[in-house]
Each structure stands twice: as structure tokens, then as C-alpha cells.
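Following this line, the structures themselves.
In what comes next, chain A is part of two complexes: it sits with chain B in the first one and with chain C in the second one.
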Partner chain A sequence: MNSIVDKLYVLSRSQKFRNLIIQFIFLIFVGLFVYYLISKALQLDITLGHFVSRAGFGISHTFVVDYTSNDSRWFAYFTGVVNTIRMCIVGIILATILGTIMGVARLSKNILFSTISYLYVEILRNTPLLIQIIFWQIVFLQLPRISEAITFKDTVVISNRGILLPYASSTENGYGNLWIGIILIAIIASLFLSFYINKREDIHGKVIKLYNFKLSGNIIGLIIFFTIASISFFILQKPYDIDLPSLYQNDKGTYLQSGGFEFTPEFGAILFALVMYTGTFITEIVRGSIQSLPKGQTEAALAIGLSNYQTMTLIILPQALRSIIPPLTNQYLNLTKNSSLSVVIAYPELFMVSRTIMNNSGHALPVFFLILVTYLSLSLVISIVMNILNRRVTRIGA
Partner chain B sequence: MKAFRFMFILLSVMSIGLFSACGSDDETVTETVTETVEVIKEVEVEKPSTLQTVINRGTLKCGVNDNLTGFGVLTAAGTFEGFDVDYCKAVAAAILGDASKVEYVPLTASARFEALGAGEIDLLIRNTTWTASRDRDLANDFTATTFYDGQGMMVYADSGYQTIEDMDGATVCVLQGTTTELNLDDRFTSAGLNYTPLTFETNDPLQAAFEEKRCDGWTTDKSGLASKRAEFPDSAGGPAALTVLAETLSKEPLGPLTRDNDSEFYDVVQWVVFGLIQAEESGITSGNVAAMAANPSDPGMARLLGVPFSGGEVADFQFGVDPKFIQNAIAAVGNYGEIYERHLTPLGLTRSGSLNAQWTDGGLIYAPPFR
Partner chain C sequence: MQNFYKWGFETFFGSVFNTIITLLSLIILFFFINSILGFISTSEWKVVEVNRRLLLIGRMPPEHEYRVWPILWVASYLIMASIKTWGSPSYRDLLFIALGITIVCVIFTTSSTYLWVLTSLLICIFSYVITSFIGKSTTANNKNKKILILLWILLLPIIFTILLIGDGPKPTLWGGFLLNIILACIAIGFGFPLGILFAIGRASTLPAIKIVCTIYIETIRGAPLVAWLLLAWFVLPKFLPQFWGINEVSVVVRAMIILSAFTSAYTAEVIRGGLQSIPKGQIEAADSLNLGYANKMVLIVLPQAIRVVIPALISTFIGVFKDTSLVFILALTDLLQVGRIIPEQDPEFFGRQLEALCVVAFLFWIISISLSNLSKKVEKSLGIGIR
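Let's look at the complex of A and B:
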């Protein structure tokens, strides 16, 4: 008897044994907690069956997709996803441009530029994004009210309801979306081709010649663009129609506006906030990457007679890109995830649309799961694209 | 040694957290206990009714709104006030005999049903509309209607809009989180009108947009519109700059709700609501309830207040609570009319002539007989 107690005593003094016991107990608690959560969740309906039913609510920003309240909840959700993607693509492009310019400006010898960049980073990086979004909403609401809207002869209408611009029409006789699609395809095809031909010329020295005239990639790109555009114009025989914005008064004397491409204050506020906020981090990334390069690179470039601009674009930035891309991916992901804050100022991106669906159906849990999966997929796509880019960039240098 | 102490603290914190989490649902406690102690397995413990849980816990967990003046609002002093909040107090007074034994849980519109379903709260009184899908599909039980509301449309008085039909092409600010967007869409699309809904999650950015005339109309329940109109800032024109259109877009009967299959608790809540309505009809107020209880004028009043009539027996309807529960509720918050006067009349929601008048005055406020 005594010996068992002794043994237990010895065991209890053993650090290893004690840790094992503690970890075991800890594991039991974690297990119980998880069990508790799951059993709670199972009391609720966790299927997405209700997504096939009619949505029944309107969405203010429908970009490309023609959503009406008669469509299903799935389609409403899809409209939200499109709005998110639209925001992210525009936001990522603008934030990258802004961040690069500010990052270079930060290192400029010109005190004005470097101070502007410094203040921009320090002020916007250190205030909460949500506050910035609400700030930009209020700023955009200060545009003239609709009764005092600025118009330029039915081509542009500017008010705090939105800035309206002429746009390819998709109604009646217009095939606006089709034409925009064709033009996009033409642009992408010509860009790829001209890039490829220029590259071939740079690396292998091969040139395409028509008689004695050298065709550079840029010229071929332009030719391709116009060929695609005109061929599709003649083959498809689809008319195009321009949708002009208009400002009018109804019979009660109240001003209303309609038509055209609408740049709304909500979209503007979110875009500005996301671009400005993410731009600060990109600025710091660009600055850090440039500074991490040996000074000799700049000095050598200047010594062989390159201008400051050439030094930056041909020597410094291409090398800096290798250390810019991995942290840049993080910022793109942050921008994507932060776009869910749009919900506070009525930009119907995927989180907001799903909130509406959640409220209408009352099933929050499965919808939340769907939202998580969607954001995860978006993030993974960005990660994959950026990883491919990263691999290419690092390979060239190696 | 340090690591050991740290682990110990972590463990104790975890176990406290776990047990307090389980405290909200005795079923899980039972399961945890049966796993560890074999003996208790023999004693089959049924899932206790919410009524019993509330009595054992000594407080009522009531899900309320914290941002709707008149119905449920968190005041600067840190207390909850409003029409719905008074019903929480009434139920607490009825079950526990003390109107202050309420634990208010402020909930967003989207979180409320799952908070109730998961047992986070006992009772949901958060200007919630009684609908078929919420009643059946979401496994709730609506007890009774405390306020007959309806969705309305508020516009600027100088816009000239008088009916929804005038509003073709308008932009409408909507508050997310209810059936509001659905009713709005039904109304506009069935009339063949174009409109742009701007759906906001919370009131403050919506109000900012409306003040800058980003939208032509603001739609939510008429009670909410009255509350927002009453506090519309003078810098933007004050209440006079706005009109609420006469049209009602939807029926919105609001009332307390409990979980499905929880009859004991459901009945108590329902009869507290009816009791306060009956009290008004019988002329019992928070001021005279004690005197009435001491000397009830008729057997019906004695039954309602849970007191003997001229030396007879007390009528106990087996609600599982003190037979005086309605008396306690009246003493705590007053009758239906008093609650209405206190919270909704100041918002400009006139009672006479509305659906919320007593049935004797042509309204819909009607209680079944308490016998």
C-alpha cells in the first residue's frame, strides 16, 4: 500500500508524467467544448436548400449581371460576389499604382514628394479602415444634391446620387455587354501578342518583317485589336447603342437621374478607402524593397548614363519586384477581405447580400459558412495568381 | 514549475468558462455529468422547461433592441428602456416577482432568432413581426401581438410625393434586417415602378445619407419612422421637413416570442400580455392595483389579480408561478395603456383610432377571458 502511494508520489513529481496528465485533461476539455458547439449547431437547420427560392429583394448595384428581384437567392448571391470581385480588381490595380508611386516618392530627394508620401502613410495607416470608409461616405455625400446636379449636355451628370457617364447600352437594340466583352477580349489578345513579339525580339532578336518594314509588337497589337473589333462588327451585325445619362424632373417637380454608367458614392467611398488604406502598406513594401537593393545598382546605372527615370524603371523596380511580390500578395488578400466592410455604407457586396438572405430566411449558420468558403476561394485564387507571378519574377533573375 | 502553474490557471479558466457556458442549457450539464459519474445515468433528467430554468436561475434573459427609441433603447445612463423592454420587466415580475431581475441581451435583427434557438436568451421581445415562416420554419412560437405596426414610407415634405405610385425612379433607403426589403420590392415591382434600394445595415449611415438627400424615401416600420422623424435634427429641417405617407406597405404585428414546444413558459408570457390588456379594460393601473387587490370589485378582477373574492378560494390556473403573477406585472409596469403612453405616445404614435386601441374603442387590442 505504502509503496503504491510512494510510486504515485514519485510519478507526480515527474515533469513528464505531469505534463502528460495536464495535456490529457486539456484535450478532454477541448473535446467537450467542440462537442458542445457541434451539438448546438446541429439543433439548427444547416442546409442551403432555401437558396433556390425567389430572392424578392432589390440590389442597388448590378454590374454586368442583370439581376431582378424575381431571380433566385443563388443569383442574388452571385450578384454580390460579382460586386465584390469588381471592387477587388479595381481596388487592387489602383492600390498598386498608388503604392508604387508613393513608395518611389518616399525615397525622392525632393522634400515635397517625400513629405507628402510620409504624411500619407503615417496618417492613413494609423487610423481604422472602418472610420475611413464612413469618412469617405460623408465626403462623397457632399457632392451636389440632385436638385443642384452638375450636368454637361446630357453626357455627364454629377450629384451625390452618383456620377453618370455614357456607357454602351444593353437595352432594346443595344448589345452593350457583348460589345464590352468583345473589346475586352480584343485588348487582352493584342496585349498578349504584342508582349510576346516584343519579348521574342528582345531575347532572340527575331523580327517580323513585312517587305522592308519592321513590324514591332506594338503595331501588331494595334492591328490585331482593330481586326478583331471590325471582324466581329461585320460578322455579328449587332448594333451598338450608347446609353446617355439624363437628369429629369418628374411630374411632382422632384429631380431624378437615370441611365449611363453609374459611379455611385457608395462604390466611390469603399474604393477610395480601400485604395488609400491598402496603398499605405504597399508604399512601405515598395520603399523597403527598393532600400534593400545595394546602392551600387543605382550608382552603376547612373554611371552608364541612364536617366533617373530609366534607373528606376529599368534597373531598380524590376529587381525590387522580387521582394515586393510576396508581401504584396498579403495586401491584396487584405484588400479582398476588407471589402466586406462595405456592408456599413450600403454597397451590396457578397457579405451584405448574404446578410439580407440570412435575415429573410433566418438561417444564418449555413450562409455564414458559404460566405467563408467564398472569401477563401477568392483569396486562394489571388494567392495562386500571385505565386505564379512570383515564380516567373524570381526565375528571370536566377 | 512556472509552466505547470500556467497550465493550471488555463485549465481552471477553461473549466469555469465551460460550465458557465453549459449553465445556459442544463441538458449539456447533464450529459457532461453522466459521462463522468455513472450513477447519475440512472436518473433520467428531462429537459427542463424554460420556465423552470428561469426560476432556478433567478433572472430572465430577454433579447431586446438597443437602438430603437420607444421600443428598446440603451440610454446614456446604461439602462434599457422602451415598450418591448417593459414587457421583459412584466414577465420577470410575473415569474420572479421582481421586475429588475432581467438580463437584457441586445441583439441585431439578423442574430435574434438564432440567439433564441440556441438558448442564449429565454424570450425575444425585439419589435419582431409575426410571420408564418418565423413561427414554423424557424421553430419559434409567437405569444401575442403587443403592437400592430406596418411598414411605411417617409419622404421629404417638399418632394411632393403623396403615394407610392408617385415614386417611380426613386431611390429608397432601407434598413436591413427585416422583411422590409421584401415588402418594398413587392410593392414597387407589383406596381411596375422602378426604384433603387439602398440597403443599410445600421441606422446612422442611413440617416446620414437621407439627410444629404441621397435617397428620396426612407422605409421601415411606421413606429420606427415616427421615432426617427421625432428626433430628426433641426439642421436638416427638423420633423416638419418630413412626412410619413399614409399608405401601409405591410402588416407587422409585433410581439414576444419563445422557442417551439415550450408551453409552460409560452403560456405565462402570453397571459402576462393578455393580463396587461385585460387590466386596462378593467381599469386597473399600477397606481390602484394594490387597492384593487385588497378589495376586488368583482370575481373576474379577483381571478386576474390572484386574490380571493369576498373570503373565497384563490383561483389558481396552474401556470407554475405565483397566482398573483399578473398583479405583480401590473404593479411593475402598469397596464397596456400605461406602457403605451409612457413610450409610444411621445413618439407621436397616436393610439386612439389606430389598430392599437382597445377593442372597446374600435381597435384590435383584445384579451381572451381570464377564467
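Let's look at the complex of A and C:
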């Protein structure tokens, strides 16, 4: 009898047993809380059944997909997702370029250049993104009215309805989508090929040579891509053509514009604001990473006769990239989430469209979970891509 | 003089690339200055002048306006005393602070309120002088520090007492700059302690606690703040318990709940970085001293972890302050909403959105830049401490 009490006493003093008890009690509380939430949620409609019904609202900006108000809510949501993805890809690329240039500029010996970078960061980083979006919208709306639109020989039309640029459009022979498909396959194939050749060179040291000229995997990939693209372009009899924007008056005297790539004030405002705002944070990341490198790197590069530009692109930036990428990923995720702020100027991306659906249907909770899942998967994709990049960057020279 | 020319030539036109950069920079600066000058020459600030009260307190009834000034007095005493006690400001800092305060006062002072503002300016100077007087003796200084910390903790209750005591206006009527500051204070005041708890939870060795905290943090960070605010707008009341009328909470309280939860998740991630930077030896040393878990955390781990991440924490707080402008989604009239609405109210102000927006942006900017300078200062002083 005594021994059991002793054993229990020993057990109760052991760390493992205590940890188990603590976790058990914790889980009971969490479980009760979750049970409470779920029981409340079950009182609401948490199915997405209403998503198959007719959307009934128009979307002013569509890209690639042809949406009309007679389509289902799923399709409306999908249109929003496409708009978000488009915004994120363009925004991420531009913000990275801007941030890198400004980050290098901040450390430049040229006082004018570094002053611009300093002013840019200190002014734009410390004002809310929302204000910047509204600011750019006001600026874009102050462009001349469409009756006084600025045109450059029928290639660019600038007015406060948007900026029209020349763009490619599919011709009537109907091979446009086929050609896009071929291009996508060509991109994937040439990526794999160049990857394989580079790896073969890395591991086995085998090099493909053409008359003493080394062909690296990247060059071969590019050549193959352009060959496939151009050959299929001619075989399919010009599936795409250049589409010039035009501005004309109809018989009532109303000005109309058509054709080309339309860069609307809303898209421009949100893109400008996102790029400028995220660019400030990227600037600081780039600056910090460059400053964290030992000064000897620059001195050594200059000592072997590299120019300032070569020092930066060949020595400093590749090394700084290792400490840049993890915080950069964070900024990309922020940009993706911040794109939801375009709701303030009614640019119909994912969040704006879901808000309309919430208002129309009255079922907010399931739509919110859909938003959550979509943003989480977008974040996941960005993280995975950046992790692959990070692994490649840290591998070099390691 | 010859050296100066040589230096100038080499910095601006040292190489072809450099020359191109100089010319480009000149063009950009020219456009920047030109557009600013153009804006200043055509701007009319009357839209801001007649709407000062709206910018400061939004739709709060004018008869309750007097409640704002005691808050300003307490805040100005606390801020100036803290700057003197912990900041050890240089003359440049003081000049910057004085300039900022003056401009903010110019924006908000009308003929009927200048006495109140003057009083708070006097309190600023008084608190600075008296704190520097106290600072001469070490014991009095230490006592003063304790009092200040206590006051900072009590600041939120004080603000709420002043705003709600007697027949105070309903929270839904709060607005303008006051609302932004209250929301930011609440979000940081509740979000920071919660964030510490979640960070400890996520760094815990117990799998159940770790997983639950991780799920919480990642879910909150997964969706943008506007989406969470929209959720609060639609369904939060249905999830709150149905006694004491909690489920009919006003929109402001919903915004506070969401902002605090959001801040806690982001703060937790920052503090987790600090926890990871603690050398293992510290924890082992604490264990070998037979400190309990709570003692180990409060006395050994957290002070070091938070110290390391103070700059990152401050930038998170700046982010939270800027994010308070998102409450437009709950139909609250915060500073930015007031700034958007006032040019539309009167045909006289048509097309004066930029002026209103500029003032709003400046008010956000001046607070953020002060905090960001504070963080730079802390970063510097921390660097000295480590080496």
C-alpha cells in the first residue's frame, strides 16, 4: 500500500507527468472555447451553397477572364482572385526593383542620390498606406479629361479614365489560346533543360561547347524557348497581333476609347501606392544587408580593379542577397495582404468582391473562411518560391 | 577651396555612370520640388481651418469637447517627463520635438481653444523642467521613474474615466485623431502582454501549448486586417455571450478587440525572435539556480528577449498606429475618414481633397517619425550596452 503512495508521489514530482497534466488542463480549456465557437457558428449558415447562384453584380476591371453579372458567385470570386494575383505579381517585381535601387542609392557616395533615397524612405514609410492609395487616386484623376486627352501618334492615350498602351491581342484565326499553351509548355521545358544542364555542369563538370564558346544552361534554355515560340508563332499564322489604342467620338459626340492595354486610375493608384510603400521597407532591408557585409569586401573588389558598378553587382549584392531574402519574403506577404486595401477606391480584387458577396448573400462567415484560405494559400505559394530561391542562394559558395 | 572643387567633381561627375545618376537625381528632385511648389502656390487651407474640431474629435458633441484637454495634459506631462528621464535628449531632439508640437498645436488651435492648448504647452515645459530638477538626485530620480511607470500603466484607465465619467458621449461618437490614438493605445496596451504570452507559448516545449499558439498566430496573420475588421462588423456580436448585453457591443469596441488580437499576433512573432536569440546557457543557469518556470521567464529570459527586439517592437507599434486608419471599414470616422469627408461637405471646398489629405498624412507622419527616431535611439543605446 505504502509503495503505491510512494510511487504516486514520485510520479507527481516528475517533470514529464506535470507537463502532461498542464497540457491536459490547457487542452480542456481550449477545447471548451472551440466548442463554444463552433456551437455559435452552427447557428449561422456556414455552407458555401449560395456560391453557385447568380452573382448579379458587375466587376469593372477584369483581366483575362470574361466575367458578366450573370455568372455564378464562384466565378466572380475567381475574377477577384485573378485581379489580386495580377496586382501582387506586378507589385512584387516593381517593388523589388525600386527597393534595390533605393537601397543601393542610400549608401551611394553621390549626395543627391542618397538624399532622394533618404527622403523617399522617411516620408513614405511613416504615412499609412491607405492615405497613399487615396493620394495617388486623386493625382491620377487630375489628368486631363478625355475630351482633352493627350495622345502620342495613336500609340498612347492619356486621360483621367486611364492610360491606354499598345498591347497584344489574339487575332481572329482562333489559335491564340493554343499559342499561349505552347508558350507555357516551352517555358517549363526550357527551365527544366537549363536546370539539368547547369546541374550537370556543377556536379560532373561537363560543358557543352560550340566552337570554343561555352554554352551555359541559361543560354540554351533561352535559345530553345525563343525558337519554339517563334516557330509556333509562324506555323499558327500570327495568332497574336499588336493592338493599338484608339480614341474616337460616336455620333452623339461622346468620347470613347478602345483597344490596347488599359491602365486605369484605380489600378494605377493601388499599384503605385503598394510599390512605393513596400519599396521603402525593401530599401531598408537592402541597406541593412549591405551594411552588414564586412567593408573588406568592397575594398578587395576595388583593389582588383573592378568599377563601382561591378563591385556592387558582382561582389556586394550577391552576398547581401543571403540575408535579404528571409525578410524580403515577409514584405512580399505584406504586399499581398495589403492589396486588400484597394477596397477603399473600389478596385475589384479578392477582398472587394467577397465584401460584395457578403453584403448580397448575408452569409459572412463562410465567405470569410474562403478569404482566409485564399490568402493563406497565396502566402504559402510565395513562401515556397522564396524558400527555393533562398536554398539556391545560400548554396552558392557554401 | 581646390579640395572642395575636387571633392565635388568626384562625388557628382566621377565617372560616366555617376554623371548619369547625378543628372537623373537632379531631374527627379526638380520634378519633386516643382510639384510641391506648384501645390503650395495653388492650395487653400480654409478647408482645414474651419474643420479643426472635426479633425481632432470627429462627431463628438461640442459640449463634450472639454473632456479632450485633460487627456492632453496628462499625456503631455507623461511624454515630456519620460523623454527627459529615459531619453536624455540632445538640443537637436528638443528642437525637433518643439517644432512638431508647435505645428500640431497650430493645426488644432482655434480662437476658443487656445487657452487649453496653451495650458498643455505650459505643462510640457513644466514637466520637463521639474523632471530635470528631480534628475539631479539619484534616489528621487528612481522614485520618479517608478511613479512614471505606474502612470503609464494607469494611462488607459485615466483616459477612459475622463471620456466616460458622468454623462460622457457614447464610444460610437468618438472620432477624428482622438479615435486613432485611443485605438492605438488599446491595441498596444492589450496586444503587447497577450503577445508576450503567445510568444512564450509558441516557444514552449509542451507540444499542445505550442501547436495551439502557433495556430492562433498564423491564423491571425493569415488574413489581412481589413478582412478581420469586416468579420467583426458582420458576425462578432453573434459569437459573444448573451448576458449583460455584451453581444451588442458598439463598433468601436469591436475594432478594439480585433486590433488587440491582431497586435498580439504580430508582437508575438517579434518577441519569438528575441526568445530565440537568448543563449541556452542563460536558461541552464536559471535552471541550476532552481528557479521555477515563472521566475525563470520573468526574471531571466523575458527582460533579455524584449530588450533585443525593442526596435522591431516599436516598428510593429508604428504599423499598428498606421493600421488604425483601416477602421473606415467599420464606418467609424477616424482622422482619415474625416479628412476624406470634409472637402465633400461644402461646395466651397470642392477639389480641395489634397489639402485635407496632406494635413491628415502629416499628423500620422509626425507621430510615426517620432516613434521611429525613438527606436533608432534605443537601437544605438542597446548597441553600446552589448559591446
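For this structure, a couple of remarks:
To be clear about the criterion, the second predicted complex is superposed on the first by the 288 of 398 C-alpha atoms of A that agree within 3 Å, B and C clash if a C-alpha of one lies under 4 Å from a C-alpha of the other, contacts with A are read in each partner's own complex, and residues count from 1 in each chain.
Going forward, a residue touches a chain if its C-beta (ideal position, glycine included) is under 8 Å from a C-beta of that chain, and two chains touch if they have at least 3 such contacts.
What you are looking at is a predicted structure, and each value in this text was computed from that prediction instead of being measured.
In the superposed model, A:Phe368 lies in contact with chain C only, and not with chain B.
In the superposed pair of complexes, A:Asn160 makes contact with chain B only, with no contact to chain C.
By the touch criterion defined above, A:Thr254 lies against chain B but remains apart from chain C after alignment on the C-alpha atoms of chain A. By the document's definition of touching, of the two partners only chain C reaches A:Ser108; chain B does not. Within the superposed three-chain model, A:Leu32 lies in touch with chain B and out of touch with chain C [touch as defined at top].
In the superposition on chain A, A:Gln43 makes contact with both chain B and chain C. Within the superposed three-chain model, A:Arg355 lies in touch with chain B and with chain C [touch as defined at top]. In the superposition on chain A, A:Phe233 makes contact with neither chain B nor chain C.
Looking at the shared chain after the overlay, A:Ile59 reaches chain B, while chain C stays out of its contact range. When the two complexes are laid over each other on chain A, chain A has residues 19, 22, 26, 40, 43-44, 134, 138, 343-344, 355, 358, 364-365 in contact with both chain B and chain C. Within the complex formed with chain A, the residues of chain C that make contact are 11-12, 15, 17-18, 21-22, 25-26, 28-29, 32, 205-209, 212, 219, 222-227, 230-231, 234-235, 238-239, 318, 322-323, 325-326, 328-329, 336, 340, 353-354, 357, 360-361, 364-365, 368-369, 372. For chain B in complex with chain A, the touching residues are 3-4, 7-8, 10-11, 14-15, 18, 21-22, 28, 32, 109-111, 113-114, 117-118, 133-134, 137-138, 159-161, 166, 168-171, 173, 176-179, 181-182, 184-186, 188-189, 194-202, 205-206, 208-209, 212-214, 216. By the touch criterion given at the top, residues 19, 22-23, 26-27, 30, 37, 40-41, 43-44, 108-113, 115-116, 119, 122-123, 125-131, 134-135, 138, 307-309, 337-338, 340-341, 343-344, 351, 355, 358, 364-365, 368, 371-372, 375-376, 379 of chain A touch chain C in their complex.
Within the complex formed with chain B, the residues of chain A that make contact are 18-19, 22, 25-26, 29, 32-33, 36, 39-40, 43-44, 56-60, 68-70, 134, 137-138, 141-142, 145-147, 160-161, 250, 252-254, 256, 258, 265-266, 343-346, 348, 352, 355-356, 358-360, 362, 364-365.
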